[in-house]
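Here chain A shows up in two complexes: once beside chain B, once beside chain C.
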Partner chain A sequence: MIKNFLYSQKVAPYVFVLPFVLVFIIFWVYPLLSSFGMSFQKVTLGQEASFIGADNYTKLMGDTIFFKAVRNSAVYMILTLLILIPFPMLFAVLINSKAMWGREFFKSSFFFPALTSVVVAGTIFRLMFGEMEGSLINSILGVFGVEPIKFLKGQTTGFIALVALASWRWMGVNMLYFLSGLKNIPDDYYEAASIDGASAFQRFTRITIPLLKPTTIYVLTISIYAGLAMFIESMMLWNGNNSPKNIGLTIVGYLYRQGIEKNNLGYAAAVGIVLLIITMVINLTQLAFSGMFKKEED
Partner chain B sequence: MKNKWIISLLVVSMLVFLAGCGSKSNSGKSGGESSVLNGGAGDAATELSYWTFVELHGQHFEKMLEKWNAANPDRQIKLNVTVMPYDDMHNKLSIAVQTGVGAPDIADIELGKFPDFLAGEPQLEPLNDVAEPYKGTVVQSQLDLYAKEGKIYGLSTHVGATVAFYNTEILDEAGVDYKSIVTWDDFKKAGIQVYEKTGKYMGTADTSAIWQASLLLAQQESDLTDADGKPQVNSPEMVRAMTMLKDLQDNNVISTIAGGQPDTEEAYGEFNSGNYATAFMPLWQMSRYTNYMKDLSGKIAIAPLPVLEKGMHRSYGGGGTGTVVTKTAKDVQLAKDFIAYAKLSLDANIEIWNTLGFDPINMSVWDMKDVTHNPENQFVKYFVNNPFDVLNEIKEEINLIKSTSASPTINNVLCTVTLNEIFEDGKDIQQALDDAQTQIEQELK
Partner chain C sequence: MNTGTLRKILLFAFFSVLCLLILVPFYAVTIASFKPGEDLIRYGLNLRFDLSAMSLDNFVFLFTGEHAYFTWFFNSLLLTVVQVVLTLLVSATVAYGFSAYEFRGKNLLFVCVLLIMMVPFEILLLPLYTLTFNMGLMNSYSAIILPGVASAATIFFFRQYLRGIPKEMIAAGRVDGANEYAIYVRLILPVMKPSFAAMAILNGMNSWNNFLWPFMVLSDENKYTLPIGLKTLLTPYGNNYDLLIVGSFFSILPILALFLGFQKYFIDGMTAGAVKG
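What follows is the complex of A and B.
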């Protein structure tokens, strides 16, 4: 009986899929629904929650700090996209090229920062970008006669530090994605193109970029998500969740501030739902535009 | 073959690196540093856990634990102390006490965060019964500071009388006598002279703490909140305070400091290098001097704060830590009895001065010359003059700034946004404070 059940072609797939479905329901669907419910309540840990309708959302719409956080996250996401897609792609092509020496060395050294804990990396960057004369970046600038800059106190300079940290950390990871994408492009295409007299630039733009599209879309999707969900980098760089004038405050940082630091979980849930909506809208639009939802044509 | 070697070398080095990171994060920031204090306890002792954000507080408890265990052989205690960074500890504690899972038996809660823990039905044990015997011996306002509806939930560590710490070496170089500084005008004149003669700043313009704002409000008998506890950060008194500080900054008397205020690691470095001559801080800053600014030993003098007008009160009680017992404590009565003994008894108050260099809340200690003027005491040795000579002079002039449910939000807005706008960006003071008021009201809605 049990044997029949397990060997049944109809049932088996469901059994195999079950673990994933369970994990999905327990760790994704349930928390999502429950935080959606919470976003309409006033929730203080240890005390009875009370239903307050859309109050959290109306408060959110008038909350300038929240919009500051949204703006910060958006700017961070765009900057990381501008840096962390073209450059890793270029590096991947360079490293993939047969003429390149020390390929393994470059691959590992680019990937190394991703293995470093963000806590350690953030702390090191905080010291590097310190405002004192003796901190690394300022002492380098000092050689060129530039006055010490208070990097972590200004919006632009703060973001330079933040994006530098992100680039340093994620360059290698994205490069590996592109490298694996490049491995899927048959050499024949390049050979044929060379025979037809295509230049290196033409081969790159006509063969590499189009055939890398699935990888690029994947990297774009996870980068959008990662950019909007960034929190710990900022927290470590400013040694806490409260950067001067909130220049490093992100949406998740704001969620943390409201939910954990201020014990206002209902409001934090509303922040989380808005973040989810923003991320979904951007990513779905992006995927729709890049044709990912179209049916395969063959 | 060569490649293989390089790859294995890389793999090994990465593993070593990762192992290094792993062990570091276990004992480092994320989990806090734990140690069990035995205090001469026997095997039958009850082990209580204690969370704090100030490493030094553990040293005090260690001393008191030994005395407690010796005096109470049938109720001995082992104390499991965990030190965590400020924000981390308060966040973890908040979640733990409110969910009822994982909280320590005893914890330190900083004054600025205390109202968060008193919201709704506090998940802390009332301490009235153990504090009662010490009434009259300790400053009543310090007990009220951590109370709600007549119930005391935290036991204070110190008065936190705010004073001026002057670097006499810099002042001598500029020909300034700190004793002649009575008003902020005097301070400004002295500061201009210091800057002209030495190129150094007289003091700091704090952007990440509200000690200066609070002390200037206290001098004017004002507060950050009104009588009902509602925020009033754009009051005329606050505008006057900020305008005065901004004027000092414009005249190169004070300047912003790395770290944003004197009680930060970066600032200790700046003070140690002699870049700033003055810090206006609660008395507990003394322990920062002896621990983190050793180069300045023998150079720092303590004096009453300058005032806006003669006759104003020359100090205010700044900062503070309330030690609490959580509702989920293993042995509530034992924990309560121990913290009362370790914080309120006369012996404890003497030790608080000896070990931590704080101004104890049992004011009779202030008059014990053999304790306060003990030549072997590290604080007596470090400072130019005796701290208690100053404390006794300003004893009747220590105002308080209330801590209300609005305080955490007020602190957050002022310290992250407003003070930076005023001292870093030069934003119009009235405008900056009005914006802060709006923001605070919005957040408290």
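What follows is the complex of A and C.
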């Protein structure tokens, strides 16, 4: 009986997707709901939680350090978008041009940084951006007569190091995304455009950019996500979650500080919910504007 | 010289410079691993190639010294293998369910898969932390493996791949009297092999480099994975640069070797989500 039931074509699909359903409920829905619940409570690990209404959120709205973290995350996200979308796209188009030597070699070399763990990459960059005269970046600047800079002690210079790290790790990966998008554009389009007398620039803006749209939307979506959720990069650069004047503090860093370091779980949960809302609003707006939802329907 | 050749030379020069910039940190960490840690403390990470200051001391220490590096290394290896095998099997099964059948709630469930890809995992850190704590799974590898076992990105990739498999294959299996599960195991799984390679490598790379969640779960030094172990060499009280740099350098080598051997699969896995196909 049971065997017949499980083996029927009606039940089998549910058996196949069951692991996902379980993981989704246990590790996503339940934590998400409990996070939402926790954000209205005062929670300390090992103690009874107490309901405190919207207190955490009211407190959050007056918390200047939280706003500093939001600003840092937003600035980081925007800077990474400005660098890690146009440049990889341009590089992909250039490297894809017929007359290119060593294409495979360059593709692999650009991909190398993505193989490193954030711990290793972060350590390397912390040392490269060290304040000593002899550290890599300062020694290069020294050639041009620039005095050694204490990169990780200033807001702007600290962010230069952060964004350099992100660009280094993800430039090649985003380039690969665009390269695989380019593969789907038929050569005839370019040939036809050339015959009609379109310049290289016109072909790029009229054919390449519009037809790369699905890839661009994908890269944009994951970059928004990664930008807003950034934490470990900052933790590695500043060797901990405490940077001078919080210049490297991000939303997740603040969530971690409140939740794990200060055992203030309810407040940290509220930070998480705000992050969730910010991410969803930005991403859904972005997807709606780019007409992604319309496309799914047809 | 015609303009075509000139363009070629310019492009090549441009990418060579870019490539050099990208490889500089690797060069710096490679030569640093041959220098004493004091050099790093005094001068920072630099490009100075000075044979007289270089030795194999760090490597000797890595392989013979008293430290837990290789414990962490093998922990990472073990965790990566187990995680990849489980994630691939579970995700492939789920993906097959999504692609082979029409059933009630299918679209809603698939939207959930896509949603997971858009919600930052980081916001779940605290509730997952308390959940793990309450389930008594702190300091265990299951706490690291289980949440990712039905990986959304992997399911998505397998589903895209399975779309290319003709439905007639499944129908033929049914005609031959095979049951639904036998069809999956005997007919579909073998066809999926190439896609397993891409996902194994990508998941393996992510697992090998995974940091934040394992860092929160593991507290026993003997259970640390490599990135966590390396991170603990950096402390507010002083940094063990001798081991850190050579350890960092060495930790890149296995994944680099894998990459050079299986480039195509890395790239397939990486780019699978970006292109509708």
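Basically, the second predicted complex is superposed on the first by the 274 of 298 C-alpha atoms of A that agree within 3 Å, B and C clash if a C-alpha of one lies under 4 Å from a C-alpha of the other, contacts with A are read in each partner's own complex, and residues count from 1 in each chain.
Basically, a contact is a pair of C-beta atoms (placed from the backbone, for glycine too) under 8 Å apart; a residue touches a chain by one contact, two chains touch by 3 or more.
Because the structure is predicted, anything quoted here is derived from the model rather than measured.
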Scan A:132 for contacts with chain B and chain C and give back first, second, both or neither.
both
Could you tell me if A:47 is touching chain B, chain C, both of them or neither one (first, second, both, neither)?
first
Chain B versus chain C, judged by how many residues of chain A each one touches
C
After superposition on the shared chain, which partner residues are touched by A:31: those of chain B (first), chain C (second), both, or neither?
second
First (chain B), second (chain C), both or neither touched by A:285
neither
A:117 contacts which: chain B (first), chain C (second), both, neither?
both
Give one of first, second, both or neither to describe whether A:194 is in contact with chain B, with chain C, with both, or with none.
neither
I'd like to know which partner A:240 touches here: chain B for first, chain C for second, both or neither.
both
Between chain B (first) and chain C (second), which does A:202 come into contact with in this model arrangement: first, second, both, or neither?
neither
Check whether A:64 is in contact with chain B, with chain C, with both or with neither, and answer first, second, both or neither.
first
Report, in rising order, the residues of chain A that make contact with chain B in one complex and with chain C in the other.
45, 108, 112, 115-117, 119-120, 130-132, 240, 260
For the chain A and chain B complex, residues of the former touching the latter
44-47, 59, 62-65, 104-105, 108, 112, 115-117, 119-120, 130-132, 150, 153, 240-246, 260-263
Touching residues (chain side chain A, partner chain C) in the complex
7, 9-10, 12-17, 19-24, 27-28, 30-32, 34-35, 38, 45, 91, 94-95, 97, 99-102, 106-121, 123-125, 127-128, 130-132, 134-136, 138-139, 168, 171-173, 176-177, 179-181, 183-184, 214-215, 218-219, 221, 225, 228-229, 231-232, 236, 239-240, 252, 255-256, 259-260, 265, 268-269, 272-273, 275-276, 279-280, 283
Going by the contact rule set out above, which residues of chain B touch chain A in the complex?
3, 6-7, 10, 14, 17-18, 21, 24-25, 29-30, 87, 90-91, 94-95, 97-100, 116, 119-121, 123, 207-208, 258, 260, 266, 269-270, 408-409, 412, 415-417, 420-421, 424, 439, 442-443, 445
Considering the complex alone, what residue numbers of chain C touch chain A?
4, 7-8, 11-12, 14-15, 18-19, 22-26, 28-29, 32, 40, 42-48, 90, 93-94, 96-98, 100-101, 103, 106, 109, 112-113, 116, 118-131, 133, 146-147, 149-150, 155, 179-181, 184, 205, 208-209, 211-212, 216, 226-228, 230-231, 234, 236, 239, 244-245, 248, 251-252, 255-256, 259-260, 263, 266-267, 270-271, 273-277
